[in-house]
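Per-chain residue numbering starts at 1, and chain names A, B, C, D, E and F are given in the order in which the chains are listed.
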Amino acid sequence: MNVSARNCIKGTIMKITKGPVMAEIILDIGNGIQITSVITAHATESLGLKEGKEAYAVMKSSEVMIAVD
Amino acid sequence: MNVSARNCIKGTIMKITKGPVMAEIILDIGNGIQITSVITAHATESLGLKEGKEAYAVMKSSEVMIAVD
Amino acid sequence: MNVSARNCIKGTIMKITKGPVMAEIILDIGNGIQITSVITAHATESLGLKEGKEAYAVMKSSEVMIAVD
Amino acid sequence: MNVSARNCIKGTIMKITKGPVMAEIILDIGNGIQITSVITAHATESLGLKEGKEAYAVMKSSEVMIAVD
Amino acid sequence: MNVSARNCIKGTIMKITKGPVMAEIILDIGNGIQITSVITAHATESLGLKEGKEAYAVMKSSEVMIAVD
Amino acid sequence: MNVSARNCIKGTIMKITKGPVMAEIILDIGNGIQITSVITAHATESLGLKEGKEAYAVMKSSEVMIAVD
């Protein structure tokens, strides 16, 4: 399936913290950069996410802000 | 100012497409990876964004999805 | 690709209104229900969206609110 | 109150999973389609949500993505 | 209709900038504070928004970030 | 750091409810108005948020809806 979300960055799952409803996923995308995602605990299970596995961070463009120093 | 958004990735502005209300900003974050952001045209002006300048992509964790192959 | 977004509803594209940066897509999902989506004009082109074509509305659970009468 | 969110779909609450901060609400909107929402546990209480009750899924258009096969 | 979004702040519409797809609404909520919202041009019309009219800014809690100096 | 998010409202933290993954922050912005935010528990710790401290609610414009009576 091809999604309209413009941003899809490959990485490796470093850490999963699972609560009763939500789960925090930390993805290492290389170059010392980590991306933190919060999804439902159900999604974590249904995608079979595990530390060490490859995964993608996917972001809709309208959710991405820009900052300058 | 220190923001709760967990994700802040440095890059260079490659392209700005400005409409009457919104603007699309394409950021090169290295390693051949680009991040697309949509913000208001007003924000683009008030931050002084220009092609070639350094900027950060900032994403709240709850806006980041995870995908697997 | 399998995305963590819990919601994926099939429909038919009824109308596309394209601006310089964003595009509004109206999807008919049957039973007289329409879903309106706003994505980038670039995404509309790269997915090859056209009126009359089948497509899915995809929503991250944390973006869905609940209301009662 | 009339909200700008373009999407409002009627359904029946199938399941509520409540954590200390967030709650996951699964809504059946008919035709075998379910919508998953994550809202605060406080909102769940203040709206008096209960399994079996009618409720609406409400989505801002800019939060809805489009996908194609 | 009673929505799960925890935040609803009353104000007066100061300025509407309308593009072909999106519209920017600036709301004065008193005390010299303004809130900027971006909604679809269609929503602006269907709600009958006009400069000088009262309106509310509505935000889902999970869309609100926190910052400190 | 200067962020594109158009909305930044100063307040005082009234209450923090912390779960294993997410935390709910209630901010008093004066005039009897409260703003509820949900961020990660990790962000709450890394920003050093505490009840009674000053903080800002930050909202991207495209996340703010408009409602009328």
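Here is the rule we use: a contact is a pair of C-beta atoms (placed from the backbone, for glycine too) under 8 Å apart; a residue touches a chain by one contact, two chains touch by 3 or more.
What you see is a predicted model; the values in this text were computed from it and never measured.
Colleague: What chains, if any, are shared contacts of subunit B and subunit C?
Modeller: In this structure, the chains that contact subunit C and also subunit B are A, E.
Colleague: Using direct touches as single steps, what is the fewest number of steps from subunit B over to subunit F?
Modeller: 1
Colleague: Could you see whether A-C or E-F has the larger number of C-beta contact pairs?
Modeller: Pair with the higher count of C-beta contacts: E-F.
Colleague: Starting from the mean Cα coordinates of subunit A and subunit F, work out the distance between those two points in Å.
Modeller: That pair's centroid distance is 22 Å.
Colleague: Just the number, please: Cα centre separation of subunit C and subunit D in whole Å.
Modeller: 17
Colleague: If I count partner chains per residue in subunit C, which residues reach a count of at least 2?
Modeller: 1-6, 8, 19-22, 24, 36-40, 42-43, 47, 56, 58, 60-63, 65-69
Colleague: Per the touch rule above, enumerate the chain pairs that touch, sorted by label.
Modeller: A-B, A-C, A-D, A-F, B-C, B-E, B-F, C-D, C-E, D-E, D-F, E-F
Colleague: Give the list of subunit F residues in touch with subunit B in this complex.
Modeller: 1-6, 8, 37-40, 42-44, 47, 56, 58, 60-62
Colleague: Can you tell me which positions in subunit A touch subunit B when the two form their complex?
Modeller: Going by the criterion above, the answer is residues 5-9, 24-25, 27, 29-31, 33, 35-39, 43-44, 47-49, 53-69.
Colleague: Tell me, which parts of subunit A touch subunit D in their complex?
Modeller: Answer in residue numbers: 1-5, 19-22, 40, 42, 60, 62.
Colleague: Sort out for me which residues of subunit E touch subunit B in the complex.
Modeller: Touching subunit B from subunit E are residues 17-24, 36, 38, 62-63, 65-69.
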